[in-house]
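Which chain is which? They are A, B, C and D, in the order written, and residues in each are numbered from 1.
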Amino acid sequence: MSGRTISGKEVAQHNSRESCWIIVHGKVYDVTEFLPDHPGGSKIILKYAGKDATAEYDPIHPPDAITTNLPPEKHLGPVDVGTVEKVEIVITDQEKARQERMNARPPLSEILNLHDFEAIAKLVMPEKAWAYYSSAADDEITNRENHAAYHRIWFRPRILRDVTNVDWSTTILGQKSRMPLYISATALGKLGHPDGELNLTRAAAKHGVIQMIPTLASCSFDELVDNAAPGQVQFLQLYVNKDREITKKIVQHAEERGIKGLFITVDAPQLGRREKDMRMKFEAEDPAEVTSNKQEDKVDRSQGAARAISSFIDPGLDWKDLPWFKSITKMPIILKGVQCWEDALIAYDQGLAGVVLSNHGGRQLDFARSGIEILVEVVAKLGELRGLKFPNEKFQLFVDGGVRRATDVIKAVALGATAVGVGRPFIYAFSAFGYEGVDRALEILNDEFEMNMRLIGARNLKEIVPEMVDAHNIHQHVVAVPGDRLYDNNYEDMQIARLRDIKSKL
Amino acid sequence: MSGRTISGKEVAQHNSRESCWIIVHGKVYDVTEFLPDHPGGSKIILKYAGKDATAEYDPIHPPDAITTNLPPEKHLGPVDVGTVEKVEIVITDQEKARQERMNARPPLSEILNLHDFEAIAKLVMPEKAWAYYSSAADDEITNRENHAAYHRIWFRPRILRDVTNVDWSTTILGQKSRMPLYISATALGKLGHPDGELNLTRAAAKHGVIQMIPTLASCSFDELVDNAAPGQVQFLQLYVNKDREITKKIVQHAEERGIKGLFITVDAPQLGRREKDMRMKFEAEDPAEVTSNKQEDKVDRSQGAARAISSFIDPGLDWKDLPWFKSITKMPIILKGVQCWEDALIAYDQGLAGVVLSNHGGRQLDFARSGIEILVEVVAKLGELRGLKFPNEKFQLFVDGGVRRATDVIKAVALGATAVGVGRPFIYAFSAFGYEGVDRALEILNDEFEMNMRLIGARNLKEIVPEMVDAHNIHQHVVAVPGDRLYDNNYEDMQIARLRDIKSKL
Amino acid sequence: MSGRTISGKEVAQHNSRESCWIIVHGKVYDVTEFLPDHPGGSKIILKYAGKDATAEYDPIHPPDAITTNLPPEKHLGPVDVGTVEKVEIVITDQEKARQERMNARPPLSEILNLHDFEAIAKLVMPEKAWAYYSSAADDEITNRENHAAYHRIWFRPRILRDVTNVDWSTTILGQKSRMPLYISATALGKLGHPDGELNLTRAAAKHGVIQMIPTLASCSFDELVDNAAPGQVQFLQLYVNKDREITKKIVQHAEERGIKGLFITVDAPQLGRREKDMRMKFEAEDPAEVTSNKQEDKVDRSQGAARAISSFIDPGLDWKDLPWFKSITKMPIILKGVQCWEDALIAYDQGLAGVVLSNHGGRQLDFARSGIEILVEVVAKLGELRGLKFPNEKFQLFVDGGVRRATDVIKAVALGATAVGVGRPFIYAFSAFGYEGVDRALEILNDEFEMNMRLIGARNLKEIVPEMVDAHNIHQHVVAVPGDRLYDNNYEDMQIARLRDIKSKL
Amino acid sequence: MSGRTISGKEVAQHNSRESCWIIVHGKVYDVTEFLPDHPGGSKIILKYAGKDATAEYDPIHPPDAITTNLPPEKHLGPVDVGTVEKVEIVITDQEKARQERMNARPPLSEILNLHDFEAIAKLVMPEKAWAYYSSAADDEITNRENHAAYHRIWFRPRILRDVTNVDWSTTILGQKSRMPLYISATALGKLGHPDGELNLTRAAAKHGVIQMIPTLASCSFDELVDNAAPGQVQFLQLYVNKDREITKKIVQHAEERGIKGLFITVDAPQLGRREKDMRMKFEAEDPAEVTSNKQEDKVDRSQGAARAISSFIDPGLDWKDLPWFKSITKMPIILKGVQCWEDALIAYDQGLAGVVLSNHGGRQLDFARSGIEILVEVVAKLGELRGLKFPNEKFQLFVDGGVRRATDVIKAVALGATAVGVGRPFIYAFSAFGYEGVDRALEILNDEFEMNMRLIGARNLKEIVPEMVDAHNIHQHVVAVPGDRLYDNNYEDMQIARLRDIKSKL
């Protein structure tokens, strides 16, 4: 970086796609080459080309985002602050309408379940944020299957057990947790709320649950650790960098800061195509800049937020790398994204601490099976081949994806999971209501656990046994024969009794 | 209770949430602390704070509700009647519209099936009552599965049997019943009709079926027994009180009054979260009182009617308590809410008279299986392990939940049930049409039984054998793979032939 | 019947529900007691109380309907024709609209499949007729299952067979048929078209298929036989009368007239409750006469057309009666309405000529299985127990219900049926287009047979073998787990690509 | 053909259905007898009766269509060009609207998947073309099942394999292909785009994939070969002519021109009834000419494009003909349209090069099973009976129908297919966007392959093994029990949380 101070006037000349400089926190950056890679699209940067972008930048980026993503030679140096023109932030009608909806949120006491947070978040979040969080791979079949799979598991509750006192606390990788559930890692939290992942840190502290810090958090890692309560347990989710030195630095720094578990993501050698997110980007672009139908249009602006922020991830990560990880940290190592018993077995045989049976919230490979379905297979096969019983202290199984109710968690525990990861519902909770939303979400889950432990007849998690669920339909992937539209059109529905004369109220 | 007479003027000063007195039947009660627990919400009480609430109270409470729910020290004594200001009852527009719909009900002769009562009741009942009766646990999956499960059972009828005379009467716990069906216990009948459960008592008498009296009836137990016809058989459903002396008193009083069977509810150590009911309460509240999104809002007004009225129920009830029950009564004891063969087996081995395979109408644990599905499992396992055949005089199996047609009942009988409990349809019948509604419901069932006994080729219940049904799909809990919305959007439906030029009538 | 001639003036005095006389073909009848039993409802008769009803009567009744249904003492004698007031027929707006729709029918060449007839018939038939034909038992599950079951059977076609010439003719009970399909018996044909079942007789003659004459035809039996072409084959469907002498007369008369097969209906000891038909009756009634909600309303007008016309059917019919039938006729005897292999086996062992596996078009017992499903069971069991192969000359299996395509018929033949009965589609064909409709329907079926025989690789029916279908899903009665409405509401559909700016054409 | 030159005036006199001459490329043709056979209906020809039809003819016919379809005696000779009246082409409002939609197409960069092409094509294609391409047999069940079947197959991805470099190229019948996918033969390409199948030839060249040239191409065979790039591989799809000499000429000419594989269609002894296509024809006809409902209407105009163009196809084609084919060509011979293992086995035993497991895109026999389902059966049986492993160099299995995503292709490869045929998506691609559309479609597929190979953990096609998919549900043809409409109508949906006061944005 050149040390010279740059005048606002000079910056102002670089205000086009051909040469685009911006000012953030009093420093000038040349982002011309970065434009096509920007997760939020190039249009939003171009709006600030030659100007001070700090006010727009701050709420949705970790402080070091620009310095770490831009090569040093693009850090042009400090700006002469007095010479910079003020940027006036215009609030669009769309944004105004969104803020009105924000003001019309119902009180938290009326939020009855985790679905409700999503319903409100969908209405009050910026559309870009909604598109990023809610989107998933291809036709989003796996995304929805994650939830649907739980509906193939039914309860066999026991009666006449004294359930005056019920306790659903547990131990995850040797750490206490008040529920068999942790807050899973999800990226870009500030898209939904200015405090980003800090909302999760605070609520996790209050409720005694564990937060898994994401590599792609909007808040910096240290910010999230600094804000933890004394004794609060945090895990780290790791995307492995092509440059292993960077990875080593991250891992060892995490261990020093007291992180208690390292979850290496193994289902994302490349981040998935998420078409909802991609379509949102087109809409964000200026129609005037949209290219014609010619093949010459070589800039691929269709990749959405996920792809752009993840180019550093190493698709070459291999089983052979695992000894190296063990050599650089003493934290328990867990593979996140295991999807068949064969890989779970290798993980066990290599002495890892556990696996997360997960398809990345349906955001990677469409038609990957749900974690809860894989759990059934893994428990059966590792029992058969290695004599293991689950839940198992030595080799812990986790699942994530599609969880919305305490009953979902109880099903997973009955089938052998140590705990369940929950991601999107908590993002929706803070996107709609900030910290209080996450707090309320955890409170609701506690209420549901208390109720359902009693109703299933289990006083603690050990009493939740496999016989309490019927999961024999779990592997059924049923697709109905396409309908006979002619027959159906002809069929006249049965009618219910109707009132005379006056209109029905419904 | 202090004996002193209180002036209307003094009462009138306690007209706020901070101090709330009301007058019922000439007595003054301090209900300040009871406000958050009131099943109908606090708002409705506050409307009568400092006033005479008798006119509002009477139609929906058993006479002794207030005296038994309020500790003696809150019974403040008689009011000086002359000094009390008259309360003018204002009829809301909503209520007026409801009464218009009431007047527009179709004649009973046009009610063709049990579904019709629900269709009318939904339109003519107070919304609060509809919410309370129709709601169920969590996502109401089990609630609907109860009905859906019957659709997985198909008939294998026999032909060329002389079915000139068909008879579907039976014996339940040694008592005659004209159908293999009893009226199951459901709470708060006066929410739907001023006569409450008395409607059931009367219709049961006329049709020779058995009524199970609920612990939480709106009418008092003695009222329901007093109104029984000579020789009319009644059972009692029992929620076991934390204070066993109260329970003992109830049971022994019931036996003295001639109750012929004691059904102990075992699936409700805590009453379920029923979100429709909970949402209704919010709407009933005054928006002005609705608290902000702050965590400080500690009053949990989200529990609906069910939770508030059931705090006395003992979650500590245990198999160990059963000998005590046998020691205090000679009535046959049946467990209501058994949900797997293991518990049915224990009940049999402990010498009980039977079990009701039930999930409490889907109002307790969501994803509990339907009674009819559990029946198949229980019959198979108790046959295998104890050599029992069903229906069985010594150990009777009952199911409830989801029954709407005589064919449903016939399926249950074919699979081994002695009789089937029906709850909501009768509530809807009297909520829409009072006693005549229940009478018509039973008449319809009789018509359906006559028809279907003939069509299946059975002259009496003994001739309804397992081979007459195909229930091999009963354990299939099928959840379709989520749809491919892009493909489906592109597909253009086949079109039926159309008329030329003019508009179709449909 | 008294021989005296009655004056129009005297008749005119009996114009009320209390005393209701009508004139038909110059004779006076006292129908007072018959009013509640009239299939078309009492209202339509009361319109002609004291008047000449001939013009209304003729198009929808067999000529002898009134004389055979009314006891002789109600036949009051001839009217003095000159003294009778003329009845003016008023055409309602509803009827006018219907006739306009009639005029807007598309040309027959545009009717492409059997569904199309139903689509048009639904629009151009009198609503009463549509209600009678289309209605079925209870919730009409079996009615629709009849069609749906065919969708669980898939083809395994063979290739590279010389299919230049394909032939789908066969022999049914020793009689030639140009298709493996017969026109099944259905009642009250004149409701849909003034020529009633004659439309079927004529088209059957032209196409060389067999018509089964119904007991409850609108045309008289002899009319249908008289109009047969030389050599045309007809069967008779028989409802057995409580008075066996009447039955004997019918059977022996049929044999004399050349009927080649006697199909005894065994699935209708009592005719089913068909609620659509019942609801239609209410609408046809005068609202002013509709009774209040009082239980005193004892007249049951809720039974629809089916029940009223069938009171003569003997619910006492028994296997013991079969030898008697064999003693009174040499026609082959087939049981229509067999629904399990056990009864098919008895029929075989008793030396009958065959059985129709049928649930009466879903109009009797709801949740009875489809004929095509029962076929699979019967073929398997009679093969196992008696070594039979199907199709079988000695003991022929037929199925009916739900057939709409030649592929449906081919599936049944592959699975062992000799032929398939088709009912409703032909009624809809003549209700919409008269004789030409039925002709076109049979032409379409021929086209479909030619095409599909070639495509499946079979030159004649013998080459249609069981291996050509995959029916292993036939016994699956799948009911989906009830949907998660909260999750589904939150899920945002994937969107297809859209045009810019302008409205789509769709 | 007579050599005399005909005057425009003489031609103009033959301007009716009774005598219809037209001019194409300066030659006069008598098409009177051809009218009812014209794929596009007679109306469009009659519009040019007695006139020059060249401008209308050119864009949708191969140059030699009229000369090969019309017998020589109908080729009347050259017209005296100067005497011919100019034909003015009128653009209808409908066509104008279509062209507006054409102009409103989104840029290709916004097309994210193969579904998108169909969505746009549906809006911008002439309706006749859409009807022809999109239609399928009978109720189009098989058509949709082709896609649905892929949804019953789920992935079991492997992790921690170095997937930095992934390669999805393969060898098909000894020819290189950059994807395990070829462009399947589809007829009448010029209906969708003036360049017809040439669009495919060009894009195939660019992307190194193989094009299968259809017998019924709109472009002539030589045109498609002439336009191939040097070294570009093409296959030929063959409908076998009743006149084997014609077939011989076609085959040997193809071999001479360098065609590398001969795909003989065996599932179309007669082309299917496609009702959407048939209905479209009616709408194209002049209502004034539509005949009445009389049976005399003998002209069958209801057969759509497919039937009319295919009368030459030999329904007598037989296994016995195969040696002859081998005697006339050295090209590898593949049967297209095999639908059960039995026929695949015969093909193998006869020494053919492979089979395409296909149901002709659902356009022939409805309820034929999907190719992907048949694949599972064929691989299992040929493994069992002949010890074969698949994919197999010596006997290659292909499937087509319903493919929309690279994941579909990967599933087929995992289950044993060498490659997959894709037809309609490419037609939609060029109908909407011409050559660039097909180019983009192949680019999208490449993107998806890269992504999904990585996510499944396979570096090349050999590493895609059967264990990577779970296809155990493939043979399940599930049809839901018909719904209970009364129950469903009564059920009140759960409600999500709502905003206060203001309208939601959705």
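Details
The working rule: a contact is a pair of C-beta atoms (placed from the backbone, for glycine too) under 8 Å apart; a residue touches a chain by one contact, two chains touch by 3 or more.
These figures come from a predicted structure and were not determined experimentally.
Between the contact lists of chain A and chain D, the overlap consists of B, C. Annotation: the A-B interface is duplicated by A-D among the options A-D, B-D or A-C, judged by over half of the residue-numbered contact pairs being identical.
Each chain gets a centre from the mean of its Cα atoms; for chain A and chain C, those two points are 59 Å apart. For the pair chain B and chain C, the distance between mean C-alpha positions equals 42 Å. In chain A, 105, 110, 112-113, 115-116, 119, 122, 139-141, 144, 148, 151-152, 275, 279, 476-481, 484-487, 489-490, 494, 496, 500 are the positions where the chain touches two or more neighbouring chains simultaneously.
Viewed as a network of touching protein chains, the structure reduces to a complete graph with every chain in contact with every other.
Chain A contributes residues 97-98, 100-101, 104-106, 110-112, 115-116, 119-120, 122-123, 138-139, 141, 266-267, 269-270, 272-273, 275, 278-279, 282, 290-295, 297, 300-302, 314-319, 321-322, 335, 337-340, 342-343, 364-369, 475-482, 484-487, 493-494, 496 to its touches with chain D in the complex. On the chain C side of its complex with chain A, the touching residues are 113, 115-116, 118-119, 122, 134, 139-140, 144, 147-148, 151-152, 275-276, 279, 287, 404, 478, 481, 484, 486-487, 489-492, 494-495, 500.
The part of chain C that touches chain D in the complex is made up of residues 105, 107-110, 112-113, 139-141, 143-145, 148-149, 151-164, 405, 407, 411, 433, 436, 439-440, 447-448, 450-452, 454-456, 467, 470, 472-473, 476-480, 485-486, 489-490, 496-502, 504-506.
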